[in-house]
Amino acid sequence: MSGNCFGKIFRVTTFGESHGQAVGGVIDGCPAGIRINQQQIEEQLRRRQATSQRQETNEIVWLSGLLNGTTTGTPIAFLIPNHDIRPQDYQQEKKLLKPSHAHYVYWQKYGIFDHQGSGRASGRETAARVVAGCIAMQYLEQQHIHIEAYTLQIGAAKVEGFPHLELSSAKENILHCPNMEQASQMLAILDDCRQHGDSVGCKVGCMATGMPVGIGEPVFDKLSADLSKAMLSINAAKAFELGLGSEFANSYGSQVNDLYKPDFTTEHNYSGGITAGISTGEPIYFTTTFKPIPTIMQDQPTVDLNGQAATLQATGRHDICLCPRVLPVVEAMTALCLIDKYLEFKAYSK
Amino acid sequence: MSGNCFGKIFRVTTFGESHGQAVGGVIDGCPAGIRINQQQIEEQLRRRQATSQRQETNEIVWLSGLLNGTTTGTPIAFLIPNHDIRPQDYQQEKKLLKPSHAHYVYWQKYGIFDHQGSGRASGRETAARVVAGCIAMQYLEQQHIHIEAYTLQIGAAKVEGFPHLELSSAKENILHCPNMEQASQMLAILDDCRQHGDSVGCKVGCMATGMPVGIGEPVFDKLSADLSKAMLSINAAKAFELGLGSEFANSYGSQVNDLYKPDFTTEHNYSGGITAGISTGEPIYFTTTFKPIPTIMQDQPTVDLNGQAATLQATGRHDICLCPRVLPVVEAMTALCLIDKYLEFKAYSK
Amino acid sequence: MSGNCFGKIFRVTTFGESHGQAVGGVIDGCPAGIRINQQQIEEQLRRRQATSQRQETNEIVWLSGLLNGTTTGTPIAFLIPNHDIRPQDYQQEKKLLKPSHAHYVYWQKYGIFDHQGSGRASGRETAARVVAGCIAMQYLEQQHIHIEAYTLQIGAAKVEGFPHLELSSAKENILHCPNMEQASQMLAILDDCRQHGDSVGCKVGCMATGMPVGIGEPVFDKLSADLSKAMLSINAAKAFELGLGSEFANSYGSQVNDLYKPDFTTEHNYSGGITAGISTGEPIYFTTTFKPIPTIMQDQPTVDLNGQAATLQATGRHDICLCPRVLPVVEAMTALCLIDKYLEFKAYSK
Amino acid sequence: MSGNCFGKIFRVTTFGESHGQAVGGVIDGCPAGIRINQQQIEEQLRRRQATSQRQETNEIVWLSGLLNGTTTGTPIAFLIPNHDIRPQDYQQEKKLLKPSHAHYVYWQKYGIFDHQGSGRASGRETAARVVAGCIAMQYLEQQHIHIEAYTLQIGAAKVEGFPHLELSSAKENILHCPNMEQASQMLAILDDCRQHGDSVGCKVGCMATGMPVGIGEPVFDKLSADLSKAMLSINAAKAFELGLGSEFANSYGSQVNDLYKPDFTTEHNYSGGITAGISTGEPIYFTTTFKPIPTIMQDQPTVDLNGQAATLQATGRHDICLCPRVLPVVEAMTALCLIDKYLEFKAYSK
């Protein structure tokens, strides 16, 4: 296995399995002098925490790279110990393939059928991303760049018009959805799923404001391309859309060209703040779609490792939907992508 | 500027501006012994060629890395000379910002307002991707992996049900669209645009068959994440959707979980051939959405470099839609992504 | 600060300061299925341990990547806690520059004058290299590749003719020196230094046997170039010599060309097992020279942070010579370099 | 084959075989706005040119990245066509292994016995390094960093005391040796070799002045480590020594510690301008040793591809010593290393 690193200059490596001793990460390439707001990190970890029964710990053990709460420029290593390990919950599933789950490909790739959770494919790995992402966010905020993610869709309940709506109302509901009416419907859908032992997909919107013009590299390392990679690197992510996104396919140039105003901003920012792979100086916004959580509380037909038909009865502790707990992960990956491009930009600045 | 390289093991660097002497590329890390099918490369370049008036050349000058038409393992460098350079076509636009175009961000980033085409942001750069991608495809085809892209949507004309339809019919129309009826409507839309001086967006589907199970790395370098980056690195790409894509947001786990059959394939392959970032052994399929070409043959309000209002009258030679010419580019970037992951997989194989 | 990673495929990131909570590392890209010999790692850590008074701990905490003592292919994270932290030992030195020491450049680079040991420049960091290197060595040994380092010179006491001498005698002395007579002289020099509060430089030889022909890349990533980088990345390393090394400057082609025998080995292997950057299949051997440890128990004239003349009186706990404790570090870095090239080689193999 | 790239931020890829159509390179990550001094590049290429009979061309074809002689920030691609290709010169050697030459390892690694020169292992490849290195040098010179290489040893003729001697005298002899007496002896040794059909090794010193304090990363990516890699990546390089180099093994801390003066410079700069992997602000100096050119004009016993004993009679066109033609290559690789670290440094600067 490789590919546990993200970034070129601000480079994060994560490690740890969901049912091992800890998850954690190392940041190589963090600028010195960032004052760490520990409370914000804990708050983001708390938001990331499963709404399910499981009691995860979010205690962070800092191993290196900080002095009196400020980054020193040396690698920042940190741990989040795993406390609530109950492997017995998973024993019944031991020999059956879980539909749409990492088990089969892991078994084929590594020759190991990991019945204890799902190894590196576990959502637990994202806790390390959140910690690293918070440090990136705190640097970016010093540069007046602000990142925020929102629940835009759960099942049929869908917010229209993002990001051109009153986003501050998102604070008033647990889903961080900028439309109270849709938020209510979403909560109803989640309740319905809970009763039927089902799960449901969702769409997350994210906006970054304050990004200066000129960040991103115009060919392969477009800011849009690396943001897309950042989003698709989150478990269960299946689609990325920048600006109008897939709506562009049904649009005419005369309709959706972004016309410049005298201050070089545009009327509608259909482009989502990135043109030709480079930030335009306008707000960056995009959406990421996540599939339903594959583990459901319904019987599912499947096969065992010999290909024999069987019935899977899920018994563990599971979520219904990646929203809202994926929001801080989306924010973290956005921050990790933006800080890396931002520092690369600086290498070429005067 | 950086980021003109793609890949970790099979590593392509491209260079050249649309109105300079040549575009080209270097492949570092190509396996030895691939027999190059020159005709296929020329055919892909011909498909990539603008349908507009401009006569581009597709002559390839091989500089290194081939001996008697077979790769030697050394870097493969190649050129595609630019012959039909007519900078005078662009002179009128000299001092006006083109809406949704690379000019503004290039000007801000590099301090140069390049009135000659659009430098590295030009579609011409993709010719080098196609050449490198063809070499990757020819290696993959030796491993029985086949890649093919299709036009799925132009404006309101849209093919449903991809990839579960008769794909071979795509050969019968110039758009490589697997639905003849929709293809006719698409052509009508293109005609309409041509008459009105407008442009239109499109959606491309791509399928890779024969990919073995186990390719891709499960955390940041998911196969899905790198495919997404590959697609979004193409000019004008604004969305990437894997399998059901953004439809997953409106789906329940009980509906879209991929149930295993005794041969470890699934009923519907909603996942698009990748689960947890790793290939499942089933066909990989995804779509990429491209915005309308920003240069249109209509007057557009804009501003000059001082922010003074002005009217832009386009006079150059331009396309109406990225389909079908972007299809070989999508195929090439898919091949470059898959070969890189495939070779990385081999480093860990027994 | 960046550059805390080593390797392209087998990629190690280290972290931790000498006087912080722990040092440690993460390996990304380790093959699955390596059975870890914990005893060998502990033995190598014990050898690396300072001969000075300081009681370092060598306890390893494995955080991830191992299951029942075998690598799973996921990132291997580990810690070595720092127990014996006595910052008060260093207080007197607080405001004076130590000659030939990292303090000045760290102060200038990071704006912090770290009076607590020397941060990332501490020899303690190499403990993490040793752990990661042992895992690499255990993989290489499964491929019948064996790495061993020897003390060849301390001050004026010097072993001639490496590696063409009876190396097994090295086991019989604490310096791991393959010449008992020279070993005695070296020990006398160390004693002498101890009495005078001085330190002394040294030269280490290293040999890797069993390396197959063809490993290494012929241009920038020559096996020799990356070995050289690996060696010079060790603290206090000042020279690297492959095969005859700097003696080549005073040699004629007719004398030192390696003449092939019918089995494709050569008479003398003057080249040190690498030609044109690629392993020849013969033993790889090279030397690395380390400067004297800069902290000595003698008064030294220096300046304070304002440039005012002062006298430095060292009071901490310090070594006299990097030999023999640097030997397992040299072995570790050699192993990290060889495994990375070996895995890269496999990516291109049939 | 991989590893044809050098650098992390200022990233050079080279390509081309000695007896193919051209050699060349692409620079990805070059800052915009460097005014290119074409004459200096031509002069460096001329210096790199073989002193042997062969008439190489040094004509540079710029393919991209320059506008009116100034870098635009886009990839700079360039070619140096090969004109004087006389493969017939090499035919007799076709089936015999050349001692200490790349042929054997290439044959084993790539399965091809390349009788036409030595492919990527040819010294011709270094022409591309020189071009790229000159661009880096011109950027560095704008920052008042100056790089210069000197012949210090050919056979038994050896200059002592580098760099503490009158370096400007090097301009007065063709070897660029800073000691006229030794230069005469060196020329006599070269003459002697020419008469006897022999070749001889050499040592090159290099000094970089004007480097600010703080450049380089303190752990694996030490400035010393990457300089060492840069040097050992040059064909035939066998040793790298920084500052006192291997003399450190026979030195005491009390002798060779660099004592600070009130202006933070040191008495002797024994360290060679780098401590703990980071530039000290004092002149950087180091040496690189090159083995004798393996092709000699004497009969040599060898074997054919079946291991049968044979006699090799060299008949091509060959040099006697890598000095002085390797000097601009050493300067180029030094520049490529320094610019990369310098730009990385900037990414973290305020």
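Order as written gives the chain letters A, B, C and D; numbering starts at 1 within each chain.
Here, contacts are C-beta pairs under 8 Å (C-beta built on N, C-alpha and C of every residue); 3 or more make two chains touch, one makes a residue touch a chain.
Note that the coordinates shown come from a computational prediction; the quantities given were computed from them, not determined experimentally.
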Which chain pair is joined by more contacting C-beta pairs, A-D or C-D?
-> C-D
Where in B-C, C-D or B-D does the A-B interface recur, with over half of the contact pairs identical by residue number?
-> C-D
Using the average of all C-alpha atoms in each chain as its centre, how far is it in Å between subunit A and subunit C?
-> 39
Would you mind pulling out the distance in Å between where the CA atoms of subunit C average out and where those of subunit D do?
-> 26
Subunit A to subunit D: how many Å between their CA centres?
-> 46
Residue numbers of subunit B (touch at least two other chains) | 1-5, 9, 14, 32, 73, 119-120, 344, 348
Show which residues of subunit C lie in contact with subunit D when the two form their complex.
-> 1-6, 14, 97, 99-102, 104-106, 108-109, 118-121, 125, 153-156, 158, 193, 196, 198-203, 213-214, 217-222, 224-233, 235, 237-246, 248-254, 256-264, 266, 270-272, 275-281, 287, 289-296, 298, 300-303, 307-309, 344, 348
Residue ranges of subunit C in contact with subunit B within the complex = 8-9, 31-32, 73, 343-344, 346-349
Subunit A contact footprint on subunit C (complex, rising order) | 1-5, 9, 11, 13-17, 20-24, 26, 28-30, 32-33, 62-65, 67, 72-77, 79, 110-112, 119-120
